Structures are given as C-alpha cells and as structure tokens.
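Look at the two complexes coming up: chain A is in both, with chain B in one and chain C in the other.
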Partner chain A sequence: MEIKDFIANFADQFEDTDPEEITAETKFHDLEEWDSLIALAVLNMTEKKYGKKITFDEMKVCVTVENLFNVIAAK
Partner chain B sequence: MKNPFTLEEKIILVTGGASGIGKATALLCAQMGADVVLVDLNEQGLKQAAEEIGKESTEIHALNLTNEEQLEEMISSLPKLDGVVSNAGIVYSLLAKFNESKDMERIFNINTFSHINLIQGLIKGKKLNKGASIVFTSSMSGVYCGIAGGSLYGATKAALAGYSKALAIELAPRGIRVNTVHPGMIQTPLTSNTSLSQELLEEDAKNYPLGRYGKPEEVAAAMCYLLSDATVWMTGTQLLLDGGYSLK
Partner chain C sequence: MITIDKTVIYKAGDFGFKNYVNLTEEESRQILNWRNNESIRRNMYNTGVIPWETHQTFIESLKERTDRFYWQVYEGDVVCGSVNLVDVNHDTGQAELGYFMAPDQMGGGKGFYFIFSVLELAFDVLGLESLYGATNEENRSATLLDEYFGFKKTGEKTLVIDGKPTMFAEHILSKEDFEKDKSEKLDIEKLLLFMRKYKKANKKV
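Up next, the complex of A and B:
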C-alpha cells in the first residue's frame, strides 16, 4: 500500500474537489465537499482497493490524509 | 373463548434464529405456546437460543442456507409446519458506485435467493400444513425509503416483498398466508457490526419520530401476530415497523 496511490484513490471519491488540492497534509474534514457520503465512499474504497475495513470512529480521529493512510496501513 | 393470538399447537420454523430478530421471534413464539425449529449458521448461538427457550421440543439446525444441498437435507428432516419466519440476512453498506457482481451475488444469495429456495423446498416437500403462515423479514429500506449505501440491501428486501405477492396468491387455495414485515433500524448484532460508531447510531436514532431504534422483541411481536390466527384473513400485506421514520 503506497501513500501516493492512496491519495489518488482518496481524491477520486470527490466529484467537485480538484485532485491537485489533496495532499498527504490535507486536513480532509475541512474540505468543503467532505460529508457523510464521501466518508462512506472512502470506507468502501478502502475495503475494495485494499481489503481493509475501518470504522467511522477510526476515520473521525484522523486529521490529515496521511494520518488516515497510516491507520489503514496498520490494519 | 380461544385467544386468537395464541400459537399453541403450532410448529414454527425460524431462520436466522441464533440472534437478533430471529432469536427474539423464536423466544416469543415459544412463550406463546409454539414448538420451534431454529436454523442458523451459528451453532453456538442456536444452542444458546434453545437453552433460553427451555423446551424439549425445540429443534436446531446449524447450516448454511445458501448451500442448496444442506438446505434440501434439512427440509427433508423437518416436521410439517404451521409457520415459517424466513428471516436470515446480512447488512452490507455499499455505495452504488462500488456495487460489483460479486457483491450482488453475496447479498442476494443470502437475503433473497436462500429464502426463495427454502420456500420452494417446503412446498415441494409438502411441509406446510393447511392454514400455515409464512412471514418474511423485509425492511423499510428499499420499500418505504432509501438509505445511502443501502442500494443492494434495499433491492434484496424489496425483492422479498415482490416475491411474496405471487406466493400469497399461489398458496391461498390451501389457506396458507404470506406476509412481510418491514423493520426500520433495530438494535441487533447485525446493526452493531456495521462501521457506524455508537455515537453515530445514537445520532441517527434521533431521526425516528418515536425517538429511538426498534428492539428485536418489538419485531418479534409483529411476527407472532402474523403467525397467529388473529390474522387468518391477512395475506400479501406489508407490516411496517419503523418508529415513524418513513413518515418524514
């Protein structure tokens, strides 16, 4: 699991947000488009692409995309 | 006067009987006087449920309902039934853009196809007594409302409601009734195993006009109502239990 890949897959869950705007340091909860549907899309993507399940609670405590990547990678 | 809600002298099969709605239904059926036959994948849970029921007549069958051979073998060993609660199912929260054939197969196999196979086997094996009652656990989701991530789940549950209509017509000449119950979110192991946290579940429960999620025992009461002779003239109906959720 590579962080570069993960960031691309993460950014792909957004419809209107420019993928260039999303980096490892992005505080994703602050993105204008971030909502519960995008959050579910990220959980579904994580399961489909990486075969790993995380919960909304685990996602909620992550601040940056890199934090989230680390939580998932550790699974 | 005979109590119209009694289940005395009835033998009732409950699938998914090791936990949640199925277990609560089995317990209440037994309390109301029925002998119960429990089916589930979880053998330990079945033994526990049978112990809680505390009646010697209780039968348990641990099997995978999606395995047609196992299902056929179980059906052939069954006594004649007065009631069937076809309830086994799974929840899978998946947005439409992620729905793949393998996901459809998995959820339809257990939530829909295994129910149809069970009924087919029971009819073919002449295991349903005259005047028997069949109840399917459908859902409010997919029939009365939509929930994000619930497209496949809702489709499997709506399929059961659709299937029930023609089944009700076909079995009516023998006085066999077919109805569906449509619960909203119920506090069961199935819902607490989702990726939602307790906090999010509590927040979501506020969307219910009656202020909370349902309890398995409350769905069990609806099941027993439909299994009893109180509803002897009800067939092809959909009984919604959603704390008012779909009113909004």
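Up next, the complex of A and C:
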C-alpha cells in the first residue's frame, strides 16, 4: 500500500475537487466538498481497493490524508 | 388509523427512538445544544437560538399533543440526533418529517443509515402512508439523499433566513415508493453511483 496511490484513489472519490488540491498534508475535513457521502465513498474505496475496513469513528479523528493512510495501513 | 405511543422506545435498524417527553434534563439539554449549534440551525426554518426555558415549555406542550412527536435518536450508547413528525394526520397517515444529526456525528457517513432508519420508523414501524418536508437547497447531501430514497419534488418555497432569501425544495415520499427496491437502497455501490450522477447533473459552475 503506497501513499501516492492512496492519495490518487482518495482524490478519485470527489467530483468537484481538483485532484491537485489533495496531498498527504491536506486536512480533508476542511475540503469544501467533504461530506457524509464522500466519507462513505472513501470507506467503500479502502475496503474494495485495499481489503481494509475502518470505522466512521476512526476516520473522524484523522486530520490529514496521511493520518488516514497510516490508520488504514496499520490494519 | 395511526397510533403513536410516546412511552414506547421504538427501534428501526440499529437505531432507537426515545420520545422527548421521556428524556432526562441532561438529555434534553444535549438535544437543545445541538439544535442551537450553528451548523444545525442554519438549515432550520427558525434559525434563531432557542433558550432552555422555551425548550422546556415546548417539551411540556408535547405531552398533550397528538399531532407532533419528537424523538432522540441513538445507536448503541451513542446519541446521534433527533427526528420529528409534525402535523400528523392519524386518518390519512400523512406527516411532515424533520431531522438533524448531532454535530459530532456528521461527516462520517452515518447520515445515510440514520435517514434510512428514520424512514423505516415512519413507514414500517409507525405505519405512515406518506411523508413530506422541505430541504434547504444549499444542503446538497440532504437533497441528494432525499432524491435517492425516492422523495419526489412537489415545489419550492423561499424563506427569509438571517435576512437572506433561501430556497427550500418541497418534496413527498409515499410508503409505496419507499418500499420499492428497499433492500437495494442500502447497497452502497448503488448509492455511490447515484451520487456521481447527481453531482455531475448538479455541478457547480
């Protein structure tokens, strides 16, 4: 599981957000398009692409995309 | 004929529904604090801050009323929001639906299951025939989910909120439309496909 691929897959869940805007340091909860449904899409993506399941609460406490990657990678 | 018992804790999916009239003071204050949170009240008809005394009087009035019901919604040990049915017509089974999630429960994807269980409560548990409501059109997640669950738009109304004209979409959902392909509605892949199409069709310019 590479962070570069994860960022690309993460960015792919958005429709209106420029993928260039999303980096490892991005505070994803602050993105204008971030909402409950994008969160659901990200959870679905981590399960489908990486076979790893995380909870809403685990995702909620992550601040940056890299934090989220680390939580998933540690599963 | 619809019968709703305020003393019953209703269950739908993984969620429980406890009537406001049975809440402890601490639970009532928690609900009011959430309702007064800016992120919640900006989507309400009345966006003002409600004082505790007014809330207490309101809860007291609910004890006698048979046309409006408010519940605290919880999942396991976590209280996650509030749902209400107002102008309940016990003969036709029609009511206006309102709900909000706790601010700390938003943005985690739980809203989808929360709303589904609210609809199950209304149609499958309480036996209502149709629900109507209005959603602030700027609340894109809510309008998307309304459409996904089968609400049909019946009109629009403009309300002046914080001195600014705000458009609300009016919609209605029948029990028949909700029950149609109900199990498929919980399919996340189906929801995500719908979300992509919806966002493309409603892309911001």
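Going forward, the second predicted complex is superposed on the first by the 75 of 75 C-alpha atoms of A that agree within 3 Å, B and C clash if a C-alpha of one lies under 4 Å from a C-alpha of the other, contacts with A are read in each partner's own complex, and residues count from 1 in each chain.
We adopt the following convention: a residue touches a chain if its C-beta (ideal position, glycine included) is under 8 Å from a C-beta of that chain, and two chains touch if they have at least 3 such contacts.
Remember, predicted model here, so these are calculated numbers, not experimental data.
Chemist: Considering only the touch criterion stated at the top, classify A:16 as touching first (chain B), second (chain C), both, or neither.
Modeler: second
Chemist: Going by the contact rule set out at the top, does A:35 touch chain B (first), chain C (second), both, or neither?
Modeler: Only chain C; A:35 stays clear of chain B.
Chemist: Kindly classify A:43 by the partners it touches after superposition: chain B alone (first), chain C alone (second), both, or neither?
Modeler: both
Chemist: Is A:56 touching anything from chain B or chain C once the two structures are fitted on A? First, second, both or neither.
Modeler: both
Chemist: Please identify the positions on chain A that touch both chain B and chain C, taking each partner from its own complex.
Modeler: On chain A, the overlap between the chain B and chain C contacts is residues 36-37, 40-41, 43-44, 56-57, 60.
Chemist: For a test of understanding, state which residues of chain B touch chain A in their complex under the given definition.
Modeler: 93-95, 97-98, 100, 148-149, 195-197, 199-200
Chemist: Which positions of chain A touch chain C when the two form their complex?
Modeler: Within the complex, chain A contacts chain C at residues 15-16, 29, 34-37, 39-41, 43-44, 56-57, 59-60.
Chemist: If we count contacts the way the header does, which residues on chain C are in touch with chain A in the complex?
Modeler: Residue positions touching the partner: 106-112, 140-141, 144-145, 188-189, 191-192, 195-196, 199-200, 203-204.
Chemist: Quick check on the complex: what are the chain A residues that touch chain B?
Modeler: Residues of chain A touching chain B: 36-37, 40-41, 43-45, 48, 53-57, 60.
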